[in-house]
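Note that the chains take the letters A, B, C and D in the order they are written out, and that residue 1 is the start of every chain.
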Amino acid sequence: MSQIPIPEDRHFRPRLLGYDPQKSRPWLERTVYSAYVFVFWLIVIGTYAGVPALFGALGWDSGWGFVLMRTLQVVLLFLLSAVIALLLILLLRKYLGKVQERYGPMHYGPAGGIQTVFDALKLLAKEDFVPAAADVLTFRLAPAITFVASFAMFAVIPFASGWVLADTNVGLIYLIAVSTLSAYGVLLGGVSSGNKWALIGALRAGAQMVSYEIPLALVFLTVAVWSGTLSLGGIVDAQLGLWNFLPLALPFVLYVIASLAELKHIPFDFPEAESELIAGYNVEYSGMSFAFFFLAEFVELFLLPALIVVFFFGGWHGPLFGLEPGSLAAGALESLYFTAKTAVWVWIFLWIRATLPRYRDDQLMEFAWKAMIPLALFGLVLAAYLRLIWR
Amino acid sequence: MSTMSLEPVPGRSDEMIVNMGPQHPATHGVLRVVLGLEGERITRAVPHIGYLHRNHEKIEEARTYPMVIPYTDRMDYVSGTQNELPFVLAVEDMLGIEVPDRAKKIRTMFFELYRLASHLVWMGTAMLDLGAISPFLYTFWDREIILGIVEKTAGARMLPNYYTFGGVRRDVHPDFFKDVADFLDHMERRMVDYEHLVLESPVVHARTIGVGVLSKERAVARGVSGPVLRASGVAYDVRKAFPYDAYPDVEFEIPTSPDGDTYARFWVRFQEMYQSIRILRQLVELTPKTGPYKGKAPARIKPPAGERYRAVENSRGELGVLVVSDGTDKPYRVKHRGAAFSNLQIVPDLFEGAKFSDAIAILASLDPVFGEIDR
Amino acid sequence: MGLLGSDERPRDIVLGTLDDLINMARSRSMWPLTFGIACCAIEMMATWDPKIDADRFGMFFRNTPRQADVMIVSGTVNKKLAKRLRRLYDQMAEPKWVISMGACANQGGPFRQGYSVVEGVDKIVPVDVYIPGCPPRPEALLQALLLLRDKIADRELRYKKPRAIPTDYDVLAEPGKDGRLPVL
Amino acid sequence: MEARMKQERLYDEDVYTVHPEDYRALCERLAGEGYDFPRAISGIDMGYGLRVTLQLTRMKDLAKVTVRTDVPYDNPVVPSVTDLWPGVEWYEREAYDMLGLRFEGHPDLRRILLEDEWALHPLLKRYDTGGYPVPGWEPKPWPDPEPWAPPPPPEPEEAGEADEGGEAS
């Protein structure tokens, strides 16, 4: 008869049957995740410094060579997004385990390190089912739209000074356009599934989108007004002395809330709402189609915190220890700062996910229309006024 | 109304008929509710039960009296021994068996331990329905401790078949009282966390306050009992109204709330957990450490012809049983009065007009268990 | 279940290795369907609690049958539920497995003689692993899941000729012996 | 009504056994007396007919009462009391499902636990546990005196005591 220990304090660790608690091996976990982050960092350096340097050395940086270079960068970014998704899913599960007094995945790979690789492989080989009631073309297209929309946001994310695929001067407008697109994928996927739960999920996604997009756009506008530019690199540069979250405290808070809504993240995960809508918009998706929704969700879980960092926390800024700005070493260090700041925000999002229940969908809409939009407008006016008298 | 599902109303194209269950994560088992949805608002709701109908009442007629007890266990499977007690009490009444005082107290301790276990399961699953994952894991870990205590004595975790006519089947494990006392210390600390997680959470407030209001008169007329009834302001508790076992010997209160909404039902269950801890604290002190655990019962249980209704207050309300005996060693008829069965009847009342998300919260606050509803 | 949907063992060394890899991935990422039926469902939930924590082995619940790999039949299946259970099984995407948890799902358990109970869930869906007990302890379910993992990953077990799978509900639709009334 | 009603005290409950025609009238009287909490309606196969047992509690003073009535197999019709106590709705449906008792005036009388297609009322004693007919089962003759016949008039010297006991309501 197994005896359950009566724990001495509130925050005890469970004793597993037949498993040594030492097996959790925190040093191993740290090593594995550091390795993942290292791979991530290497890909970033390779994409933004390695590939241009290589092509520059070969003299292929114009004409078709340029096209080839950009293509290679995009392929590397795709790899990066896969690494992000695999790492974040694993981190989410391990972190939920930590919060919930258990271990989380730990048996496959060192410290559970290749668990998500197995998951991805399994989904790859699983039957990709199209229901009879579905609209096949839209049903197939929807995950792709969602994923491409999330992935396209990478184009304007500055990982370090100058390390950006397209440092366009309409970066913010591009972001608004592209981030809204990902909701279309959810909407189309839900509607085309021919399932009522998916339909409700899609309708919720649509209703949610029109609610949070307006405060989100207003916050974008505030940041643009404050920084005097629409380019993301310019926004980061404008924060050299003072990070935006201090003068723009109100838009910052609104932006975090709206990001949670855009991510379809607890406490605003209404389109998915597992305990209400079974799986919401992706209820009929299996195999790889589902994996793409999953992938897009976790890529966004990286990108939206990254945007918080870009807009409010000085992007890649950090002490350079005398490194020459613009050099490879400085770029690598800056991208590390950027990643670290983003990681803190990812962790905050995971923390919210592990802790909070879910609001009701109309409560978000009410909050968005009655509180967030007026507050965002107020923040915009305030930022414009401050900008007039200060800068 | 069709027999199996809702028919669309002619001319109403804005209503969507949705079938929720039997496999739905928020139905706590195999409930099926056919909903008419107008956007997010529920216009009509027809619950369908019976997906776990296991012919309890028929098969119990073909079993001898002691053999019925394990079957009763499997009704409200979350609250273990609580189901055995009404049947045991009814047969004891019919036979006139005297139960020793110590046996009564041990029974009551198990009864309250399982109430805590059941409310813990409720809290975890209700929070899961509201979207929070972590409380589920915390409550199940605490429940494991209770089941460990029960297992040491009764030999089984969930469905221990521990009560018998005249007392309990075997004496408690020597560690029992210490284990319970330790567990209560632990539980009191954990309750602080649970209050933070559940009762004080602003998200829970937003989801539950003013949602699914059940009026006092409606609750009584619908035969609702247990925490759901007490959350509507009726201080009806079988433990006080028709005391059984050791309940006359202990002090406890009946928490009631006048609000009748989903939050009130959450709150009342929380207060019941505090009362359970209080009862168990008293019983750890009051129960003699040694002594008889079983009264004198005949070797062959053959109650005289007649019938007897006995009820207990289990985790969900008044769990009753009507035992009809024809003088043989098998009951002529065993009719279970399910608390969750009665409570579930208010589903159409509370669902209609509510939002779909509210319906999930309301269902979580009713805490149905389908072993007992479908029997 | 082979890589390309056939039950033949691939002869090719590349395909064979890939097949092994895919099946290893499948065995290490089994997502059960959230489908609690009766008493066993509580113990099934307890298998994911901090004490046992089946999530260590990469298993977590999916609510929709399309995304689930394993159906854990956790409780008594009666004739009313049987059609829905079979429908859920049909809705699951290939490859899929079934664990019959507890005496009721195995053969009807204590309710075996009753009029409403299906005497064994293997009359409706093909079962891979049976767990005895009423209800089985969470440890037993974990062991069953690990047995299933080995079964999926193991070549010899995987390519054994599968038991005949009932494809329709005729078991339930039979009008019944001597005067028993049709149940469907 | 009084002529066809047996009243007794069983443990802590008042038990009324009435003719099916008087069942509804008695229930209305009890509702008027403040019995507001319906505990259950149970159907019992008595061998000669079907018995309906309605159990009520009065929340005010926790008085308990049981109402019984017996109906023959060939015409198992009982008036429904769902309008008096909505909480018996599912119990009446269950009794219909399990025993075939038909409650007249019930708003939605259909099977609750078994599927609609079933023709079986499994709790009838003529079926065994598996739902098969019991070989050689015959209904018993209707009891004489009938279940609701009041007990024979007591001996003269005990009449006073019995009258006092019988006044309870």
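Keep this in mind: contacts are C-beta pairs under 8 Å (C-beta built on N, C-alpha and C of every residue); 3 or more make two chains touch, one makes a residue touch a chain.
Only a predicted model underlies this, so the values are computations on that prediction, with no experimental measurement involved.
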Inter-centroid spacing, chain C versus chain A (mean Cα positions, whole Å): 36
Centroid distance [mean C-alpha coordinates] between chain D and chain B, Å: 27
Chain centre separation (chain A, chain B; CA means) in Å: 43
Touching two or more other chains - residues of chain B: 25, 50, 53, 55, 58-59, 62, 137, 141, 144
Overlap residues in chain C, where contacts from two or more other chains coincide: 49-51, 63, 80, 113-116
Of all residues in chain A, the ones touching two or more other chains: 2, 4, 14, 100-102, 274-275, 278
Chain-level touch network, classified as line, ring, star, complete or other: other
All pairs of touching chains, each written as two labels joined by a dash: A-B, A-C, B-C, B-D, C-D
In the complex, chain B residues that touch chain A: 16, 18-19, 24-26, 37, 39-40, 127-134, 137-138, 141, 144-145, 147-148, 151-152, 179, 182-183, 186, 189-190, 193, 201, 203-204, 206-207, 355-358, 360
Chain B partner contacts - residues on chain A that touch it in the complex: 1-4, 6-7, 9-10, 14, 96, 99-102, 196-197, 199-200, 203-204, 266-267, 269-270, 273-276, 278, 353-363
Touching residues (chain side chain D, partner chain C) in the complex: 114-115, 117-120, 122, 127, 129-133
Chain B residues touching chain D - in the complex, by the definition given at the top: 1, 3-4, 49-50, 53, 55, 57-59, 61-62, 93, 220-224, 234, 236, 241-242, 306-309, 311, 318, 320, 322, 324, 332-333, 335, 337, 341-342, 344-345, 374-375
Interface residues, chain C side, partner chain A - complex: 3, 21-22, 24-26, 28-29, 49-53, 55-58, 60, 62-64, 66-67, 69, 93-95, 139
